[in-house]
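Lettered A, B, C, D, E and F in written order, each chain numbered from 1.
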Amino acid sequence: MALIEYADAPPEVRAVFDDIKAARGVADVNNFWKALAVHPPTLKRTWESLKQVMAPGALDPLTKEMLYLAASAAAGCAYCTASHTAAARAKGMTEAMHGELLAVLSMAAETNRLAEALRVPIDQGL
Amino acid sequence: MALIEYADAPPEVRAVFDDIKAARGVADVNNFWKALAVHPPTLKRTWESLKQVMAPGALDPLTKEMLYLAASAAAGCAYCTASHTAAARAKGMTEAMHGELLAVLSMAAETNRLAEALRVPIDQGL
Amino acid sequence: MALIEYADAPPEVRAVFDDIKAARGVADVNNFWKALAVHPPTLKRTWESLKQVMAPGALDPLTKEMLYLAASAAAGCAYCTASHTAAARAKGMTEAMHGELLAVLSMAAETNRLAEALRVPIDQGL
Amino acid sequence: MALIEYADAPPEVRAVFDDIKAARGVADVNNFWKALAVHPPTLKRTWESLKQVMAPGALDPLTKEMLYLAASAAAGCAYCTASHTAAARAKGMTEAMHGELLAVLSMAAETNRLAEALRVPIDQGL
Amino acid sequence: MALIEYADAPPEVRAVFDDIKAARGVADVNNFWKALAVHPPTLKRTWESLKQVMAPGALDPLTKEMLYLAASAAAGCAYCTASHTAAARAKGMTEAMHGELLAVLSMAAETNRLAEALRVPIDQGL
Amino acid sequence: MALIEYADAPPEVRAVFDDIKAARGVADVNNFWKALAVHPPTLKRTWESLKQVMAPGALDPLTKEMLYLAASAAAGCAYCTASHTAAARAKGMTEAMHGELLAVLSMAAETNRLAEALRVPIDQGL
C-alpha cells in the first residue's frame, strides 16, 4: 500500500499533516495518516473527528487513550494496538497499568463469549 | 437457556453465588452467573478470575469497569454492554463520561477499519 | 424479515425443502431455510454445500456439529449458536460435554485476545 | 513486543514456565507465555485456567484441541491458529481431519453471516 | 436505553434532527439518532460525517448504500443491517439485487475464514 | 503453510486450477487456491460456489467485487482485502471510488459500534 510522504503530498494533505504535527509536537506523522492521504477528504474528516474526540473533557487523556487501546485490541487491529499502546505509554501508562488493562481485556473476551454462547437474557431493569 | 436459581442450585454453585453476593453486597446474582451455573467448574473459575482481575490495583475500579465496557462494546456483546454500562454507572461514570467513552469507541472502530483496509505497516520503533 | 413457508414456496424452493426434510427426517425445515428462500440460488447452493460438508468423513457427525457450534459461538451469531447447540444435543452432546466446550471456547477467547494485544510472533517452525 | 526468556525471568515467572515445561514435556515454552510474562499475575492465572480447562474430561484432548482451533480461527487470531493447528496435529489430527475442520469452519462462517444478515428469528422451542 | 424525542430535546439536538429531517425528507428521525442524542457532540459529529460520506460522488447513492449494508452485515450489527436494508430498498435495491448481495456476503465470509485459517501469504505484487 | 503448485498437484486439483485459469484468463492461480488445495473437496466446492456467485446477474461485476471488498475489509481479513482491492481495481474501481468505499466502510464501522453500544431498538416497521 502506498504511503504518501509530505514532500509528495498535495496542499490539502500537507495542511492536515501540518496540523497533526503541530497538535502533537512531532516531526513527522504516523504511517496511518500517510496511508489515509490517498483520499484527502477522508484524511481531513478523520483527523478533525479524532482531534475533537480526544480533546480533554470529562475523561482525562490517559483514560481516553487506554479506552482507545482496549477497543482496538478487542477489535483485533494489530496496527492500532501497536500505535495506541505506544501512545498510552507516552501519556503515562505504566507496565503495571498495561498489565491490568490486558487482564481486563482478556476477562472481557472470556465473559463476552460465555454470555453470547449461553444467550443470557439481559437483567431486568437494565 | 436455563437460568439456575439459588434455591435449585447444588452446594458448589451456592458457594460461588454466596461469594458473589458478599463481594458485591447484592441480594441476588446477575443472570450471567445463573446461566453459567450449568457448568459449575466454569462458574467457579470465571468468578475467581474476575474477582482477581477487577480488584483494585494500578488502575482504579471505575477505569477498569470502563475498559471492560469498551472491550465488550467493541466485541458487540449486547448483554455485556448492558451490564457493564450499569456497573460503570454504579461506580461513578457520569452521562458526560459515558458520552466520551462512546465517542472514543466509535473513533476507534472507524480508524481500526481504515488501518486494516489500507494495510498500514506498523511504524518503525513500535 | 419474511419467512417463506412451504405452501407459499415456488417449485425450486420446495425441492430444496423436500430434500432437507428427507435428509434430516423432520416434518418442517428451520427458520434459516425459510428466510434463505428469498433467494432460491443461494438457498440451493448453501444446502448443497452444507450437505456435503456435514456428511460423515474423517470426523464423526457429533465432532463436526460441536466444531460448527464453537465456530458459530466464537463469531457471536445468536441464531446459529441456538440451533447448533440443539443439533449437537440431538447428536449426543451431554451437559458435561457442553460445559467443557464452553470452557474451551472461553479460554480461546481469552488467549486469542492476549496473543493479539501482545502481538506475539508466531513460533519458529510453525 | 518483548519476549521474556527464562534466563531473564523473575522467580514467579520461572515457576510458571517450569510447570508448563513439565506438563507438556517440552524444553522451552512458546512465545505466547514469554510475551505474557510481562504481567506475572496474568501469566499465572491464564496458565492455571488453561491447565484446568484442557485436562481430560467428558471430551478427549484431541476434540478439545480442535474446538480450540475452530474458535481461534473463527476469531481470526493468526498466532492462535498457527499454534493450535500444530497442537492439534501433535495430538493426532490428520490432514483429512484438518481439511474437514476447515470445511466446517467455512460453512459456519457462511451460514453465520446469512443468519445475521437475514435476522432469522430463533426457532420455537430453542 | 433512552430514546430522546424531539419534544424533549435541547436546542443543539433539535438542530441536528431538523437537518436530518430536511436532508432526508422524513417526518421523524430514526431511533439511532434519538439514542445518539444522549451525547450531543457525538450526535452532531456523526451526522456531519455521514452527510459528507454519503453525498453523491464517484459512487452513486445506491452503491454506497449497498456497501454500507455489506459492511454492517459483515460486522454483525442487527440494527444497522435492518436499517440499511430498508435504506437500500428505498434507493432501488430489488429483491434480486439483495439476493446477490447476500450471496457475495456469504462467499466473502467463507473465503475470509479460509484465508485466515490457512494463513495464506499475500500474493506477490499486491 | 504449504502452497501446492500445479506441478505437484493431484489431478482433481489440477482440474480446478485449470478451470480458474481459463475463467480468469490468468497464467497461474492466486495463493488462496494453492493453500486450499490441501483439501481438494473444499477447493472444488469453494471455487464452484464462487464462480456461481460472482457471475453477472442483477448486480454488475464491479459492484459485486466492491461488495466483496467491503465485506472482507469489515471482517478484517488482510489477505482478502489485498486481493479484492486488486480485483476491484482490475474491474474498473478508480482511486476516487476506492476512497469513497473506504469512507463508507469507516462510517459503517463507527455507526455499527454506536448502534450496538447504545442497544438501539430496531425502528418500527423494519
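One rule holds for everything that comes next: a contact is a pair of C-beta atoms (placed from the backbone, for glycine too) under 8 Å apart; a residue touches a chain by one contact, two chains touch by 3 or more.
Note that the structure is a prediction, hence the values are computed from the model and not measured.
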Selected pair, greater C-beta contact count between D-E and B-C: D-E
Interface sides of chain E and chain F: same vs different residues, half threshold: same
Listed pair (E-F, A-B or A-F) duplicating the D-F contact set, over half by residue number: A-F
Reference chain F; chain at largest CA-centroid distance: B
Cα-centroid distance, chain B relative to chain F, in whole angstrom: 35
Cα-centroid distance, chain A relative to chain D, in whole angstrom: 27
Distance between chain centroids, defined by C-alpha means - chain C, chain F (Å): 22
Sites on chain B at which at least two other chains make contact: 38, 41-42, 45-46, 49, 53, 73-78, 82, 96, 99-100, 102-103, 105-112, 114, 116, 118-119
Contact graph of the chains (line, ring, star, complete, other): complete
Chain C residues within the chain F interface of the complex: 41, 45, 49, 52-53
Partner chain E, residues of chain F touching it in the complex: 1, 3, 30-32, 35-36, 38, 42, 46, 49-50, 53-54, 57-59, 63-64, 66-68, 70-75, 77-80, 82-83, 85-86, 94, 96-97, 99-101, 103-105, 107-112, 114-116, 118-123, 126
Of chain C, residues touching chain B in the complex: 76, 95-96, 98-100, 102-103, 106
Residues of chain A defined as touching chain C within the complex: 73-74, 76, 78, 81-82, 102, 105-114, 116-119
Chain B-facing residues of chain E, complex: 38-39, 41-42, 45-46, 75-77
